[in-house]
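Presented sequentially are two complexes of chain A, the first with chain B as partner and the second with chain C.
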Partner chain A sequence: MTIDILFIWTAFKEILKALPTTLFLTILPLFAGFLIGLAVALIRIYKVKYLSGVANGYVSFFRGTPIIMHIMLIYFGLPLLIDQISAKFDWGFQSNSIPISLFVLTALSLSAGAYLSEIFRSGIISVSNGQMEAAYSIGMNTFQAMTRIVLPQAMAQSIPNFTNIFIGFLHTSSIAFIVSQKEITGAANIVASTNLKFLESFIAAGFIYWGLTIMAEGLSFFIEKKATAYNRGGLQ
Partner chain B sequence: MIYLKDIRKSFNQQPVLKGINLKVGKGEVVAILGPSGSGKTTLLRCLNFLDKPDEGIVQVGDVQVKTKKATKREILSLRRQSAMVFQHYNLFAHKTVLENVMEGLIVTKKYKKTDAKRESELMLKKVGLEDKHHHYPSQLSGGQQQRVGIARALALNPQVILFDEPTSALDPELVGEVLSVIKTIAQEGITMVIVTHEMSFAREVSDRVLFMDGGVIVEEGSPLEIFNAPKEERTRQFLNRISRDIPIPYLEEKAN
Partner chain C sequence: MGKSFDPSLIVNFVPTLIHYLGVTLQILAASVSLGMILGITAAILRVFRIPILNQFVILYISFIRGTPILIQLFLVFYGLPAILLFINIDISRMEALYFVIITYALSNGAHFAEIFRGAIKAVDHGQTEAAYSVGMNNGQSFRRIVLPQAIRIAFPNIANAIIGSLKDTSLAFTIGVMDMMGRGETLIAATAHGLEVYLSLSIIYYAVVLLFEKIFRLYENRINRHQAVNVSAAG
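Moving on, here comes the complex of A and B:
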């Protein structure tokens, strides 16, 4: 077997068409996970009655099992559940009318929420207690102190960790191809098997992931520099 | 202005305040002295519920809170009667000097931004930092940070300003600038409670000195009474120990 260098470029162009799907499967779960993660982190920090137990279990399970498992469980389990409930209440609703991508998005969002909640939690804890006390001392309530003083600092400090998660989920979105989502890896697989040029196709896909990651790192570095300027002794 | 009745507070079953009663009049400057672990900082923090007393009544301005029945709203309105200057400054790290001072005015006093800015600039001028508006706390010396802390407290125009060892974390050569700012505002008739280890400062600035030890107020009186003729043995011991640590008269003699 020889390698067809030129075909890498052909495959690259073909696979790139799947980029929107990959970005969609990365950014949407991270956005949902951001909200879930923030809520879960706050619930755990403030030890909210009843909810904190649920939150602990959620984080433990989703961080303790592989993401591919979440996709499988939700892809096979959720339709079963929906159909049972639907039949019981006579809704006449069939789970196969739900697009597959919705299951994938749900699974990835729940995983992202678990990982991001730990990042938020560490970010919030890293802000010194004195900041909260100072906010209280000038008459702020807990919500104001959290949103105006603690969270902005926690977020700024968490940027490198967010980038890690973003990169992780960008690459993890590739496993959506096992439930036949045509994202970058899925597309590479199709190009590879229709042209019988496996190595070239996956090299092309590799370059796309790598390029995206480098761009994400650059952007993160830039945002981090802006967001934590206050800590570096440099002027705005 | 301040009224405390039978304030008790324990940390992990270890009593820190054992029934404090105190009245502070309007415009009075009260210094609290005492060895470390005597409960003086905890007492100060009970005044704005940064530490919640276990028992007793706290009144600041016209807001009275019975500790056992304290609601969130009561605690919030109690806190809005006072402002605090912290040992470790606790400036909002992600906000500039000007924003630090403006924050309380905008959030809790509902000032318009332009009014808050004007007021804050005035306060920063008062503490001698009119040229540092756009610096971040990390770019300032300890003394400058503490003066921002004072401006932040002052801007709220509170009934009482609470100082928690305002110079304890400072380099010796920076202590003077902070103390002189506090002296200036003490002369303006603002009620102040100051926990401090600066004896000569306490003597100079305060109207009344409290000496605390073991969670109780051992002795109180005018600075003259406490420093020159302490009645209690424990006060005497403490003052002796302090003056042995800083043998200034001895050094002065030697220099001469």
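Moving on, here comes the complex of A and C:
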């Protein structure tokens, strides 16, 4: 077994075609997770009756089990549930007409929601209480104070954490290949097994992920500088 | 798929699968210990800026943090035999388990290195100066003063990284390791009850993660016990 350096480039071009799928499987769950995470974080901070218990359980379970479990549970469980409901109400709808990517997206969104809610929570808690009091003192209500004063600061402070989550989920999307999604890892696997050049294909895939990660880090550094411009630390 | 959901099967599956928890924990223990050695070495090379090796470590950490663990697993699985063949060592028949341990050790090493580097930098420089002033040399001050404090600072992050690594071991089955996930796959092949198998696996992983969190929290309280005094004195 020798390494065919030239084939890495061929594989690279072939695998790069799967980049949109990977980005799709990364960005969409993060958007959905953003909304879930924000709602869950607020529920937990304000200790909403009944709901906060559910929210605690949700975050704890999803952070305490591997993400591949979430994908598999949704992938195996949701079709059963849908078919049962469909049979009960006579919809004549079959779960196997649903594309697998939808199950993957659902599972990744739920995982993203759990991880992001912890980031929101720490971000919101890190904003000093004086900010809230100051907002009240000029006549804002809780909703206004939250959306105009606390959340923007919490978000700005959470940018490094968001980047880590983005990179984490970019890498996690590779698990989707196990349920035969054709994203970067899946495409690499296909290129590898059709040409019997496993090492070269996965090197190419590795370079794509590495490049994406470095770009994401660079972008985050730039955004962070802009977003936290208001905060000059100890300097006055 | 296709069979109806039968919750009573979970009661049967959990004991079967838990037999293979040992393999998972074995991967974890081996990769964390090797990763610890690798991580401390890499962190020291970074902190003291040893020429060439420093750049090499930067590249290593960037690569590990820049690629999914699944890709790393495949690269080691297919790449390591190819590289070792150049120096006439044939490991193509080595058990998949060892490839997994090597991959996770490399991965843990990079993460630990970053954590330790941050922790060493977080120790106040006055500590080193104080150590010099009582006559310690470079090595003594690092080993006796800086490192113990750095480990205390690093501990919560190390604990998180270990728990993350435990969850990552669930991917080892992709190269054919018979751990809990691998056994789960064979159970699905035999019984076609996918959902029940994954529910059982989730229960086991969740229980182990909760247990680890509990142990780490107790240990963290223990190594921080002298800190509480400072806090109350300051307040």
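One rule holds in what follows: the second predicted complex is superposed on the first by the 232 of 236 C-alpha atoms of A that agree within 3 Å, B and C clash if a C-alpha of one lies under 4 Å from a C-alpha of the other, contacts with A are read in each partner's own complex, and residues count from 1 in each chain.
Note that a contact is a pair of C-beta atoms (placed from the backbone, for glycine too) under 8 Å apart; a residue touches a chain by one contact, two chains touch by 3 or more.
Note that the structure is a prediction, hence the values are computed from the model and not measured.
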First (chain B), second (chain C), both or neither touched by A:153: first
Greater chain A contact set [chain C / chain B]: C
Which of chain B and chain C A:231 touches, first, second, both or neither: first
Partner chain in contact with A:136 - chain B first, chain C second, else both or neither: first
Partner chain(s) touched by A:19 [first = chain B, second = chain C, both, neither]: neither
Which superposed partner A:27 touches (first chain B, second chain C, both, neither): neither
Contacts of A:175 with chain B and chain C, given as first, second, both or neither: second
Touch list for chain A against partner chain B, complex: 128, 130-131, 133-141, 144, 148-149, 152-153, 156, 229-233, 235-236
Chain A - residues contacting chain C, complex: 1-3, 60-61, 64-69, 72-73, 75-77, 79-80, 167, 170-172, 174-175, 177-178, 185, 188, 198-199, 202-203, 205-206, 209-214
Contact footprint of chain A on chain C as seen in their complex: 1, 4-5, 62-63, 65-72, 74-75, 78-79, 81-82, 85, 167-168, 170-171, 174, 181, 194-195, 198-199, 201-202, 205-206, 209-210, 213
Chain B residues within the chain A interface of the complex: 48-50, 72, 76, 79-80, 82-84, 86, 88, 90-96, 103-104, 107-108, 134-139, 152-153, 156, 162
